[in-house]
Structure formats: structure tokens, C-alpha cells
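Across the two complexes that follow, chain A remains constant while its partner is chain B and subsequently chain C.
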Partner chain A sequence: MIDAPSTVITVENISKWYGSVVAVNDVSFSVEPGITGLLGPNGAGKTTLLKMIEGLASPSDGSVTIFGQSPRNNPDLYHRVGVMSEHEAVYGFYTGREFIEFSAKLHGLSAYQEAADLAIERAGMTEAQGRALGTYSRGMRQRMRLAAAMVHQPEVLLLDEPLNGTDPRQRIEFHDLMRQLASDGQTIVISSHILEEIETLADRILLMVSGKLAASGDYRAIRAKLDEQPYNVRVVADDPRAMASALVELDSIESVSVADDGEVIVLSKNVELLQRSVARVARDRGIRLLRVEPLDESLESVFSYIVEG
Partner chain B sequence: MAEIFRLSLRQLLGRWRVSLIVLLAALPTLLILVVKLVGEEAIAFDGEFVDPMIDGMIIGGIMPVVTMALATAAFGNELEDRTLYFLVLKPVSRINIVLPKLLATLVIAGPLVVASGVAATAMAGGELKAMLAMAIALSAGVFTYASIFTWAGLITPRALAYGLVYVLVWEALLGTFLSGIRYLSVRGYTLALLQGIDSESFDVLESRVIEFPAAIVGAVGVTLVFFVLTQYRLRTMDVP
Partner chain C sequence: MTTEARGEIFDLGYQHYDGPREGRARVVRSLWVNGFRTALGLGRGAKAKILPLLMFFFVTAPAAIIVLIASIVGPEAEIPSHAEYYQVVSILLLLFSAIIAPELLIPDRRDGVISLYLVRPLTATDYIVSRWSAFFVITLILAYAGQILLLLGFVLAAEAPVDYLRDNWLDVPRFLASGAVVALFVTTIPMAISSFTVRRAYAAAVVIAIFVITAPMAGILTSCEQRNETFVETPGGQRLVVSSNECEPLTGEWAKWFALVDVGRAPQHISDIIFNEENNDDDVSRLVGDLNTAIPVVWYLLLVLGPGAALYLRYRRMTI
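Let's turn to the complex of A and B:
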């Protein structure tokens, strides 16, 4: 494969297996500047794949390059690459500030204090920088780890589940920061098992399922494909048969079935419309609605549509 | 390298670990004090003292256990806490990660073990040369053990348990009956260095030590081999 001029990361036929367990199976793709989302359910192989890209693990087969160089046993490459691992462990005895300065010094930055100032400010942790990491909340630790990953202003940022433990406000700030870095020309790969976390952020997504690359490309195209698929919704009411017969008349419904335990399972292509209609129908018919919940909320289900579709 | 050295010192100087190894290192001094206070006969620096106290307790027990407790934790803690990636994902060569980790172990274990041995020798009436021999031999022993157990901490999370088996079974048990094993034993090197430097004070060891040059070559060789192996392991392992 010949890299396009702007290709930063190239993954070629990469596989990783542990004994008889295949964690990543013959995956190939390339990453260009901008934000790439690596999506997949837990156990899909995202972390293993990222570790091979980061140089933390050796591929059983295939190859990875960043800027044309193998990341494995290539310490100099980390001048240009920043990594935030999935593990939330930190050196608890360091203050946030000490931790970032430690990272800056290991990167050989002579102006390590200025670099730490900037990274901490960007992560929104200026006020808490003097506290020991061991006293931080999960979200604060994540932000300080992000600051450590970008303290040397790398050209490539590899972030494994960076939004774990963050609150909605922190997520918005994280999105803003990532967009800013991407607009500066950085290459950012963000892994997540939650679609909503990066659906509005990533320019391009890579979908991993069971160790394989199930789909890749523009998020909106994949989302459109997802939207074509009907979703299952469970409706629990005090009179399931009456509820089922009322629901079947709605336009948004593909099919309705009543399970042995009395739960009504509804297949709908328009879950939003269904959510609005079901309460009205129950009220009009005098049915007591106990619970409404989507059965296909998990990413596993969403991915299965793509893989099987 | 200084940053990783300082980090390693802070990691290794955890309260429970330090308390334990200080207590262990102080054990010979405390024992001698007790014997001096309640014993009827004065303690003399002779075969009856060197055998159980110097060979058995300090070189056979305290030196390996204190060094092992620190050296296995040098990388073991990083692996257990899953923080090793912080270090290996930096533009730092592997030797500049391994060396400060090893030095941090030596800076803590060395003075403790040497102080333990020299104090015991002094309290029993050993001469200055014997104390010097103790300091040199114990330093060499700590160095060699530290190199082995730093590597072991990177290989297995049960390094401490395997280390104890090595010390008790290989060095203490088999080393007593099979003289050839002393050529592949840190305890064997330490005793040979001790006896080689001060043959008069430690003449009781003469019949069971290997040749002095062999001990030097063995200690240096084993230290270097495991130092290189640790770097190799760090280069080739999948970091969790």
C-alpha cells in the first residue's frame, strides 16, 4: 500500500491473537489529520488495536506505521505522539501539576513549566492542579491524564475511552478542545464504546466488531444506514393485549408481539415517534403504562445491524 | 533519568515496605543487643558467630529478602498499577528506564543491608577489615540480587514468591549439599568475596566458598546479564 501524502497512520492487515483467542483479525485502514472515532462494543478489539498503534503491543501479523515509522521500540516517535490509555491508574502521590511536569520532563521539554501551564489550562484543571491525583474524582483524573498526553503538543493524539467518568459539561469542553486541536492540523484517534460520545465529533469512524473492522467512513453515511434499521422496544403495561392492539394501529410501528410474560415487544423504525405516541395511546385507552425501554440501545445491537446488513 | 529515579524512590518508599525492611535489617543488631543484655557469655567474632549470624541470617536471609522486596516492586508496582505505559510511551530509551529503577533499589537496599552487616560485625568485636569486607561483599550481593529481581518483577507478578523459592531451595538447601551450585548462587559469590577480602576473620567459610576471581566474575556477569535481560524484556513485552 502506498501512503497518500497526508496519511499519518497506516494499519495493514494487522492481527493479534492470544493463544486461540483472536483479538484483532486482519484489519487495515489509514488515518489522516482530523478526528477519527474508533467505535465498537466492549471486547471488540479497540484497545488491542490502539495498543498496537501506540507500540505497546506487537502485532501477531501485519504492520503499523505512524509517519512511516514503526511505533514498536521507537521511543523517538513519542516526541510526535501523545497517548492516553484506557487505564485510569495514576501516580496517586503526585499532585496534578507534578504529574504534568513529570510528563513534560520525560518528553525533554526545557520549558516544561510553560508547557504544563498550557496543557493544564487546556484540560480545564488549573484550579485543582495543586491537589494530589489520589484525591481527584474520576473525571478530573481523566482530564489530567489528557493534559499529560498533550503536554508536548504532539501531532498525533491516541485516546482510549477518554470520556469515561466525565460529566456532560466536561464532555462539551472535551469536544471543543478536540475540534480546536483538529483544526490546528492534529491527527486524533478517539476510541469509545458509546456512539453518542463521538457521533458529533468524529470526521470519520472506524467500527470494530469481534476483532474485525465492520465499517469505516463518514459518520453520517453510517448513521443513515443505522436509521434504516428497525429497533425493538419493550412496553410493559397493566393490560398488554389492549396495549398491543392499540399500538399496532400506529404508523411508526412495523410489528407488535406479546411475549409469554406479558411484555409487548414493538418493532419500530421511528423510535422517537413511538416514544411520543405510546404515552398518548395508553392515556386515551385508560391503560396503565409501567415501563417503555428500547432493547437495541446497546452498541452491540447497532453494530449487528451493520455487520449483518 | 533523574525523573524516573525520583519517581521510583517515591514508589519504593511506601510506608509498610520501608517499615518491614528496616525492621528486618535491624534484626541482627537487636538480637545481639538482647544476647549481650541477658546472655552469660560475651559474644566473640568467631566461627560460632559468623556461621549463623553472618552467613545464615544476614547473607542467607536479610540481604536477599530486603533486596527482593524492593527490586521486584521496581517494575512490579508499575505493572500491578498499570502505570508502566506512562514511562514506555515517552521518548526515553529503555536503558534510561531500567537503570534508574535499579539504582533506586540499590540506594535503599544497599545502605540498609550494609549497615545491618557492618553493625553486627562491629557489635561482635569484628575488626575494621572484617567490616570493610562485609560492606564490599554485601554491596556486591545487593547489586547482583537487585539486577536479578528487577528482571523477575518484569517477568511475573509472583516474583517475590519465586525469589523466595530460589533463595531457600537453590541457594540455601541445594547450595549446601551441591558445591557446584555455589558458582550459580549470589550467596555463594557474597561469601567468597567476604572470605577473599578478609580470610582471617572469615576463615570458617574457607572450606565452602568458591574461588575469589570466580566470585567476582560471577557477580559481575550475573548482574550484567540480568540488566540486559530486563531491557530486552521491556523492549519485547506487551505492556498492559
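Let's turn to the complex of A and C:
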């Protein structure tokens, strides 16, 4: 029998502002064991939100609890929580092993060498452990920082952009490790501004846009909602008016407009079908097609649909 | 027909740490050791050790030279007292602290490494207390090293070393207490200043500037209008000064208070009190000596506790 997952992290109506700038605006959610992806473009408020969950910053309003306790000024809670912060700085003169051993000592682990061995092995850094951190590539440094975050085998792992600088092979290994930890019952929150990094990894995602929680839940369900939204496509042709009148007859089109500079902006729910149709229409009407490009491929645009929709 | 999504997690054979987990005392101790090693450049390349070693050399060199002279010249050697030694070495210690103390705090904040500490089971107060105490122990060792060498010099220079030790044993607790006073002072002020900037050079410059500026300020504020001097007239009608007493400062009675403006001398005044020495070497020391004993003590405590409180509050309220 599988027990119903219990809430580990609770965020209630949390806000954070710096003077007149609102970094996080009235966000509420809860996190259960497993992998939760915190997604959002740069500047969306992910790091500020994570810092409040980590206890490194106090909320201006609202509350955060981990295992029912406030993380702020609660050092004992860090025995159960591992944090990999956004700051990539480490002491460059330490070897990777010294860094992990020091992290283990900072968690009060007497058998720090044994703990370091396990963490380094898990991060796949056994071979490079004797080298100074200053000589590591960015991806290697990230993996050592991950090892430092989990050296005390915490129940909760909070990872801010852990995949920055990692190569595809390292990402696969990272995915395997995260899945293994999650299957052990750990609660893992991973932030990223790149959807592809965690879409196949996270059980649940939280989408942040402009300091607000734009969506949460299973990635596929959110994707399906996103698919219902129309996308903008720019079509540049030698005869924009003829192109616009031809496109408006297509089923896949919601609306067509011609901008002052002659570009045709098409709103469509089925971009793939549009891309196929527009070439055929141009050929049939003898219009010279110069460029077709979607305007909404960036993650920011996807999120803006969620917010504005 | 519907297909059910399937997945499987494979056990990669990772082991779990089952060893003992200790409390905060262990964590603070690790942090203290890290601070001690960082200040001295231990565990780092040769370049990181040069400056601490040079400073260590300069701080202990005066005592080493004195011992050398004493061992060569013998009882006739004029060796400075323990109190006089602190007058010389406290300036060097201050210079050492101005350069080394920022190394302990500023890189951690500037590079964001401090977040590594603050997500461990320790508080910001644990962090700053560990850092402060690590550096305090270093300055204490430096202060005591010179005094121990000096004591050795005195013993070597004495005709009867055992008798010397019996007659002067009180110097030992005195220089231990004085050394603590000097170390407390040269640790706290540079560390407090370092907590408000992210540039090591700025911190060092501000510390040195405070002491460089306040010394001439006190000199001007306590400068003499005239000195009470006794003359004798030679048969040739020439006037010779045979004694010079206290001066009459321009600022009158206030000069005693203005003498305290020389911040860098604050621990020396306490050292003079501890050694029960009347320091008539200069006007500032003489004027402070005229004040009630409690006043330089309170002034010293203010100069240590004020920056100490600022340092504590700066870190207690720290948000990354």
C-alpha cells in the first residue's frame, strides 16, 4: 500500500518586495515528496522565492514552512534540508574533496570522509575530486556543489538552476540521480528557466511569471492548456495584402493583420498546420514568400499566454 | 484502446551515510578552524601565505632583535620594558589586522560564498563569532609571541636569571592581560569596518586612515603653548635647559580629553594602567595619565564594544 503523499513545503500568500519593486507577489502552493520543477524566465522571481523557502530571506508578507517549521533563523532545520544556491562561487583553492569534507563538517558529520565519499560518488566526481575547484569546468563545479548540498543526505533538496553549464551527458546523469533520490522519498525542488531541462523530470511544475505563480500541476496538463492558446506568426512576402487575403481563408487561422511595414501577422492555434499551408498558398497564388517565423517560441511568450489568457 | 504510461526506477546502488551526526559545537569548531587557516593562508598556494608571513615577521621582529642584543651585550643592554614593547608593536599589529582581517569576511560576502554557510545548521551569529574569534586568537598569539621573546631577553640579560624571574613574575600576567587588550582592539575594529564594504583595499585603507588621521588631530589639539622649563646660565651668558616639565596646552584643561582623540593609542593607555607605569614619553600619554583611570578604560570599552555591536548586528540582520 502506498501512503498518500504528505505536504513537506507549504508556501502561503508569500510576497517579497524591495522598495517599490515586487519580486514575488502573493504566491501560494505546497510541495510533496518527489520532484517539483520551478520554472520561469529570468527575473520571474524564482530565486527570490527559493531564498525565502531556504530561509535566506524573510518574506515581506505571507509564510513558508518546511516540515511545519519556519526555515528563517532555524539552523537545526538544515540537518533535513540541502540547498544549492544560485551563487556559483566556491573557494577556488579548495580541492573538490576538501570542499565536500568541509561541507560535511559544517553539518556536524563526524565521519565526514565517509559522507564525502558517498556524495562525491553520487555526483559522479570521484575522478576529479583531487583537483582544485578553480580548475573545474562550470558543469563540474555544479556537480560538486550538488554533492555539497546532499552530503548530509537531507530529506529536502532545494536546487537553484543546478543544470547551468552542464553538458547533455551530465544532464542525463543528473536526471538519473534525481529520480533515484525521489524514489527514496526525498522532496526535490529544482528551478530552471529552460523548460526542456526539467519537463521530463519533474512530477509537477510551478510556473512563475513576473513574481506570480502562473500555473502549477502536471507538465502535460499545462502544455495542453497552452496548446489551446493562439500563437503569433510573422509572414513576410513580396505582396503582403494578397498573402493576407489568401491566408484568411485557411481553417487554421484565427485572425490576420497587415502591419505598416508590410509584415503579415497571423494568429493561429495550429502553428504546424499553418507552416505547411502558407507555403502551398504562396505557391498557388504566385506570391514570393520571404520569411515565416513564429513570434512566440520563447518561454517568456509561453508564460505571457498563461498570465494573459 | 488506451495505453498506460509506464516507468521504472532502477536502483543504482547508492549507499547511505549512517555515521554519527554531531551538534552545533562541532559545526562552529569547523568554521573556526577554517577562519584560522584562511587568515594565515594555510591550505592555499604560496602566494596566499606571503602577506601573513611577512606581517608575522614584522610583528615579532622587534622582540627578536631585542633578545639578540640582550644575549650579546648582557646585563648592560638597555631593553625596553614589556609596556614599552606594546607601544611599538601595537601599531604593527594594527597594520597586520588592517590587511588580514578583511580577508576573513569580505570574499565570503562579495562572492556569495556566505550562502554556503547560512544554509548549514549554524546561524549568522555563529559565523561571525567563529570568524572573529579565529582572528582574535591569531592577534593574541602575535602579541604574546613578542612578549615571550622579550621575557627571554630580560632573563638572558639578567645577572641572576632565577632572581629576575622571582622579582618580576608579575610582568607575566600583566603582559598577558595587556596583550588581550591590544588583540581585542586590533581584531574588532578592522573586522567591523570589513563588514560594511566588499573591497578589501577599502577596508584596510579606512582602518589605517582612522589611526593616521586621529594621531595628528590629537597632536594639534594637545599642542603646547609653552613649556615650563628650568634654565641655567653659563658663565658665557648662554641659557641651558636643565629640566622640562609638563607643557601648558593651547586648549587648557580640555587637552586631557582631546588626548583621547588619538584612537590608536587607546589600548596603550590601558596597558600603562595594567603595568602601573607612568608614561611620560609624550604629551598625549602624559595628558591621558592626568585623567581619572576609569575614563581611558571606558573610552577603550566604547571603542571595542561599539564596533563589536555593529559587526554583530550587521551579520545578524544579513539577508543574502
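One rule holds in what follows: the second predicted complex is superposed on the first by the 236 of 309 C-alpha atoms of A that agree within 3 Å, B and C clash if a C-alpha of one lies under 4 Å from a C-alpha of the other, contacts with A are read in each partner's own complex, and residues count from 1 in each chain.
By definition in this document, a contact is a pair of C-beta atoms (placed from the backbone, for glycine too) under 8 Å apart; a residue touches a chain by one contact, two chains touch by 3 or more.
Everything numeric here is computed off the predicted structure, so don't read it as measured data.
Novice: Evaluate whether chain B and chain C can sit on chain A together after superposition, giving fit or clash.
Specialist: With chain A aligned, chain B runs into chain C, so clash.
Novice: So, A:Gly19: does it touch chain B (first), chain C (second), both, or neither?
Specialist: A:Gly19: touches no partner chain.
Novice: Can you tell me whether chain B or chain C touches more residues on chain A?
Specialist: Counted on chain A, the partner with more touching residues turns out to be C.
Novice: Kindly classify A:Arg179 by the partners it touches after superposition: chain B alone (first), chain C alone (second), both, or neither?
Specialist: second
Novice: For A:Ala111, using the defined touch cut-off, is the partner it touches chain B, chain C, both, or neither? Pick first, second, both or neither.
Specialist: second
Novice: Considering only touches as defined above, state whether A:Ala57 meets chain B (first), chain C (second), both or neither.
Specialist: Both chain B and chain C are touched by A:Ala57.
Novice: Name the contact category of A:Arg122: first (chain B only), second (chain C only), both, or neither.
Specialist: A:Arg122: touches chain C, not chain B.
Novice: Thinking only about the overlay and not a real complex, which stretch of chain C clashes with chain B: 9-17, 189-197 or 225-233?
Specialist: For chain C, the clashing option is 189-197.
Novice: Same chain A residues contacting chain B and chain C, which ones?
Specialist: Residues 51, 54-58, 73, 75-79, 81, 83, 85, 87, 89-91, 93, 102-103, 105-108, 148, which sit in both footprints.
Novice: With touch defined as at the start, can you tell me which chain B residues reach chain A in the complex?
Specialist: The touching residues are 3-4, 7, 10-11, 81-83, 85-94, 235-236, 238-240.
Novice: Name, in rising order, each residue of chain A that touches chain C in their complex.
Specialist: Contact set of chain A toward chain C: 51, 54-58, 73, 75-79, 81-83, 85, 87-91, 93-94, 98, 102-103, 105-111, 114-115, 118, 121-122, 148, 151-153, 176-177, 179-180, 182-183.
Novice: List the residues on chain A that touch chain B in their complex, please.
Specialist: Touch list, chain A to chain B: 51, 54-58, 73, 75-79, 81, 83, 85, 87, 89-91, 93, 102-103, 105-108, 148.
Novice: Under the stated contact criterion, what part of chain C meets chain A in this complex?
Specialist: 9-12, 14-17, 19-24, 26-27, 30-31, 34, 43-45, 48, 111-113, 115-123, 126, 319-320
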